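Next up, some structures in structure tokens.
First subunit A sits with subunit B, and in the next complex the same chain sits with subunit C.
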Partner chain A sequence: MNTKRIAYLLLNEAGIGCILALLCILFSYSVPNFASKPNISNIFTQISINTVIAVGMTFVILLGGIDLSVGSMLALCTILAGFTITNKELPVGAAITLAVLVSMLTGMACGLFNGFVCEQWKIHSFVVTLGMQNIARGAALKFSDSRTIFSFPAEFNSFGLISYFDVPVIFIMAITLVLVGHFILVKTIFGRMIYAIGNNEEAVRLSGHNPRIYKIAAFMICGATVGVAAILYMLRLNMASPILGNGFELSAIAAVVIGGTSMSGGKGSMIGTLFGAAIIGVLNNGLLLMGYSDFTRQIATGAIIIAAVILDTYRAKLLRMLSS
Partner chain B sequence: MSADILSIRSVSKNFPGVLALSSVSFSIREGEVHVLVGENGAGKSTLVKILCGYYKPDKGKMFYRNKPYLPETPRAAMDAGIRAVYQEFNLLSYLSVAENIFFDRLPRKGILVDKKKLHANTVDVLKRVGLDVDPGMPVELLGVAQMQLVEIAKAISSKCSMLILDEPTATLSQGEISRLFEIIKTEQQQGLTVIYISHRLKEIYEIGTRVTVLRNGELVSTNDVDKVSVPQIVSMMVGRQMGVEYPFNDAISPKSEPRLEVKNLIIAGNPNKISFELKRDEILGIFGLVGSKRTETVRALFGADIKRGGEILLDGKKLDIRSPRDAVKRGLCLLTEDRKTQGLVLDMPLASNETLAALNRVTKLGLVNKHVEHFESRRLSKGLAIKTPSVYQLARNLSGGNQQKAVLAKWLFRDAKVLIFDEPTRGIDVGAKYEIYLLLWRLLSEGKGILIVSSDLSELMGVCHRIIVFSGGQVSGEALRPDFEQERILKYAYRVS
Partner chain C sequence: MKKLFAIIMAVVLAMCLGSAALAAEKPVVGLVMKSLANEFFKTMEEGARKFAADDGTFELIPVGMNSETDIDTQISAMENFITQKVNLIVLAPADSVGLVPSVKKAVDAGILVVNFDVTLDKQALADSGLPQDFLFVGPDNEEGSYLVGKFLGDKLGKDASVIIIEGNPGADNAKQRKAGFDKAVAECGLNLLASNTAHWETEEANTVMTNLLTRFPDVKGVMCANDSMALGVVRAIEAAGKSGQIEVVGFDNIGACQELIKEGKMLATVDQFGPEMAANAIKVGFRILNGESIAGWEKTPVEVVSKENLK
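== the complex of A and B ==
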């Protein structure tokens, strides 16, 4: 490997990975309990939900869009899945399976709506998903009568507690989803088209493709990951509530942006998104253990987002220098 | 005879690969309407931009009212009293007519805008240009002719002593043109100097005092309008062009049966029906000036823009084309005039660009096979002699000629039947141009249909078997290879008889 190749890697995901590693080392030295097994396992659990949503969000942002409705969609998914899973007429196994399906289909239906409206009337996704944010939240509150759903089957609740070698099962699922997302982006035609459309939609259209299909599909994928995230959240909390997921859209967008994906589309990676979600999680956890308040941590997260974007402008410049 | 207000001495301007202006010298007299003509790329726009402070000349001097003149910024040119009205208007569409006219010098009352004074001033100026609209009306609600008058009002209401009009009549009706000319004449009598750029040669005699002809960035001559005729001007504009060689192969001659037929095509914003056909084994050229709808026609034919009617037949079979996707499926492809914004995905590697239109050829079960892609991309790049260190080089980093070849590679990989080239050699150096021409012949010998749209007439005359001429959204003439005659083709394009 020559120096140019290393520099290239450092300017991509590896660079974000290095920042994450530095952050971990820093906290391990300055915070006594940070590197302990229970705490690491705790961080894994904490970042899982955001990571899963951020996987879907990466697809949308790579196409130059945004999805502000994921938080509300998550609440709606938990409510509908909650109803299904607590249905006493179904056998437990069937209820759980059906609940997972309901959750994912709900997310995909919302995503289909988002994508279709955006593409059919050429409206920016910011506005459409802002509308969906309210629709989904309202629907969740209405369906549930603004009540929380408890008493899930014991089999379901105990599954959420499983961990292998101190790695919680929901984190394993999140990582699996990241890898699937990475595979789709890097290896498949679909992924190739996502990058191409994000870069230059018109050129893709004039090459004989239909970019609309891909853009709608991206929103549906995002919805599906929200459906998965909803189930993982239910595993963690053992309840479903219409007020869940407030502000989740911002954490997911932050993870994607810190991970180096360009808001105008076409550039970014799934591994970067994973690192982005981890940086937010580690920072939050570390500062918490150091005794900083919720408020301080919020300020830190905000600062990291802005810093990441500023760094990104330099990164782009360096990359251009390197490639020419 | 009045004195010179502006004299231009040996002004040159270089752009990468193009000498846009080469040692141009002429002068403008105070109070005249000086008409500037020349083909596309003759250097008119560059000259205007230099006068208005958008570009700086590489060499040469300019004197304005006998003082050296070299505007650093557009603002400096305006302060000197030189203003231009371009084809594309610089209006703020949501603001009112009054605010647009006085945007850079709004009358004030303390920190507020003096609305009364603004209104009164605007009413005065509008009267001067004969525009009867409410000064408070948002500009976006005006018609094109009215917007142009607002632009002119904006210019002449400031201390403007020289007004540059770039193709002001391109989008106006006959009545609007006469009114515009009246306004120009009135202002001229009050001492305004006008530089008037137009493609409509007849207008020269109606409005002009003197006419200057530019060709390929060089000055041909300046004459009083009553001393030159339209044919003389046309031949000055055309001249003889040298430097590019054209490979022409007599071995292939067009057959009589048609390959691609376009029947009664109706495109948006054009009332005329367009019909033409491309014959088997023929290279057909479409020539037309800016605004002749040549690009719009091929885009509609390809499904890139909406078409309102008409039929397209390929090898005698009717095609139903509603999107580029349909066109590509049926074997048509379009190499757009702007390869950077429409042809290539600049931030993706050359290889990905080459396979973009036929991804299924390098994939299995939805997965891109990088090895096959690498192999195919190297084969294509080698076949077209694309110069690049690796097929993974980003398209952005390729030179213009290689970028154009990359777009061509994309369509060759798709195995298209008919290739439509829009300005295939724009912004490409001479060597690469020659290679592209050779490729055209190779493709023709492989049985592809080739349609070339170009504003470079000498290119079309060098390459095509037949040229059809577009003017004002319809086919205005046709010329066959042995009888190519620049002046005749240009006459079709300018519609002078």
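== the complex of A and C ==
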């Protein structure tokens, strides 16, 4: 029984955690500065934005959906928040608070649209969010007239550089979101419904629940996390631009998939997603420190994604064997 | 359905007639731009529109793309301009090889084509039977990055360690800017620690720079192939608590970097006078239409912008 329990854990998040740990040990031996405090702190900062987006993406993928619009939504959120935060008529504190609200509401509104269209007309989210990708990007470009927004309040900019015991404040926010996401998935009825719908939507419907609301909510959660990611981006780089976030959707999906969440829905976890984002970040950081070229790093990231999906098929088989 | 079709046909017809009427009055200039999502090209397009409005002797039709690499849109735009029989096409190619066949088609149709911003590939031009010294109006990217790289080298002195942050691998201006930086490195006797790409992007440049700072804590200078990446690099240096110890130079002279230069967080950038570039190309085109014969490279100015000459 005990060994079965350990095997079960290893086949889930713990296994991905082991791969991450293995990577870290490998790099610590082969790269002199890898395990240094400042470098670890750098990796924390570098994975924060992707982690936050991936939290929202996990909800969507658990339901068997996908959100390709997060990168463009991120740009739109930074632009609207950027306008708010640089508004000279508002007192600094109010401008910052309002910017955070604007960013999150923008993301949630886009998510509501995505979810509603998918559910109302029963269209696969791949197509709807592909449309939203263009709408959000176009809106960001239109509102900003393709200009970069900068000169944020000094209070805001310096807040982005704070770290407590070498842990950057941006990462603390990201981890908090991961924990909240984990709590929702594991401890709430809402979370259980997400897994249930991802596994068998028809059964949920027949048992008298309406899957629609949960699916729309998942897209709204994803939008809200993009809104948070936009604020983190602004904290990190002190600018808002309509062209940022290109390809971010793919990094987020990669983090979720490497983290063991199944693309067909129903299986996966938030902690896995965190590990997935960390693996991508560690790999990028470590390979660069070792002096590998840009192209090699790109190939390595791609290979890891594919390896993760292949492993996932074996894992599913082994899990089935274990439970039978 | 039929009704909708009829309406569409009517609109299309009206548009054709409209453009034909325009062609009879004033010469028409088709401007094929790169991504208008890029601030640099957006200001360039605005500059061209302003020039057209002020000049008033010709009709300008600007076409932009959705992304830097969207060459299909450019090819379709070229085809549309050829069908419309415009008098002059001014083209900033998204791909220096891919657009050559369209240029050839336009030239064969008797339309004057002026190439600006990025040069068409010499070999591809020769292969399609066009002259290798096909008219090009634009800045010398290599010269610009060499000048700003040298500016950095002179400030740091011999043997100082530097890093280059490159643009998109494969992009011609990225290659030219890299070549200019390399030339400056060799000439000033600098010690090049690493040269990595950040794909023109701020966030990626920030990540690459933080990692490179771990690997090379004693770096003294950074050369960035555009200003968006310089923004990310400056922020990385700030986050590492090394502000003032590492000098950064960029390329493009965008507003955000002017601020950084004024604050002393960035050393210099290069201005290639984007807003005037498309307008200049149109002017050169009209000189040819008026009988002048110009070929080869009409260089437009590049200038190092630093605290000293920033207003």
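The rule we apply is simple: the second predicted complex is superposed on the first by the 323 of 324 C-alpha atoms of A that agree within 3 Å, B and C clash if a C-alpha of one lies under 4 Å from a C-alpha of the other, contacts with A are read in each partner's own complex, and residues count from 1 in each chain.
We adopt the following convention: contacts are C-beta pairs under 8 Å (C-beta built on N, C-alpha and C of every residue); 3 or more make two chains touch, one makes a residue touch a chain.
Note that the structure is predicted; figures quoted are calculated from it, not measured.
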Exercise. With both structures lined up on subunit A, is it a clash or a fit for subunit B and subunit C?
Worked result: fit
For this session: Name the contact category of A:208: first (subunit B only), second (subunit C only), both, or neither.
Result: first
Exercise. Does the superposition put A:199 against subunit B (first), subunit C (second), both, or neither?
Worked result: first
Exercise. Looking at subunit A, does subunit C or subunit B touch more of its residues?
Worked result: C
Exercise. Given the touch rule stated above, what does A:266 touch, subunit B (first), subunit C (second), both, or neither?
Worked result: first
Exercise. Once the shared chain is lined up, is A:242 touching subunit B (first), subunit C (second), both, or neither of them?
Worked result: second
Problem set entry | Included angle at subunit A between vectors to subunit C and subunit B, based on C-alpha centres and rounded to the nearest 10 degrees | 120
Exercise. Touch check for A:189: first (subunit B), second (subunit C), both, or neither?
Worked result: first
Exercise. With the two complexes overlaid on chain A, what is the closest approach of subunit B to subunit C, counting only CA atoms, in Å?
Worked result: 21
Problem set entry | subunit B and subunit C contact sites that coincide on subunit A, given as residue numbers | none
Problem set entry | Residue ranges of subunit B in contact with subunit A within the complex | 302, 304, 323-325, 327-329, 333-334, 336, 341-348, 352, 356-357, 359-360, 363, 366-368, 394, 397, 410, 414
Problem set entry | subunit B contact footprint on subunit A (complex, rising order) | 187-190, 192-193, 195-196, 199-200, 202-210, 266-267, 323-324
Seminar exercise, completed: Residue set of subunit C touching subunit A in the complex reads 36-39, 42, 169, 194, 196-197, 201-203, 206-208, 210-212, 214-215, 228, 231-232, 235, 238-240, 254-256, 259
Problem set entry | Of all residues in subunit A, those that touch subunit C in their complex | 33, 36, 38-39, 42, 45-46, 49, 137, 141, 145-148, 150-151, 161, 233, 236-239, 241-244, 246, 284-285, 288-289, 291, 294-295
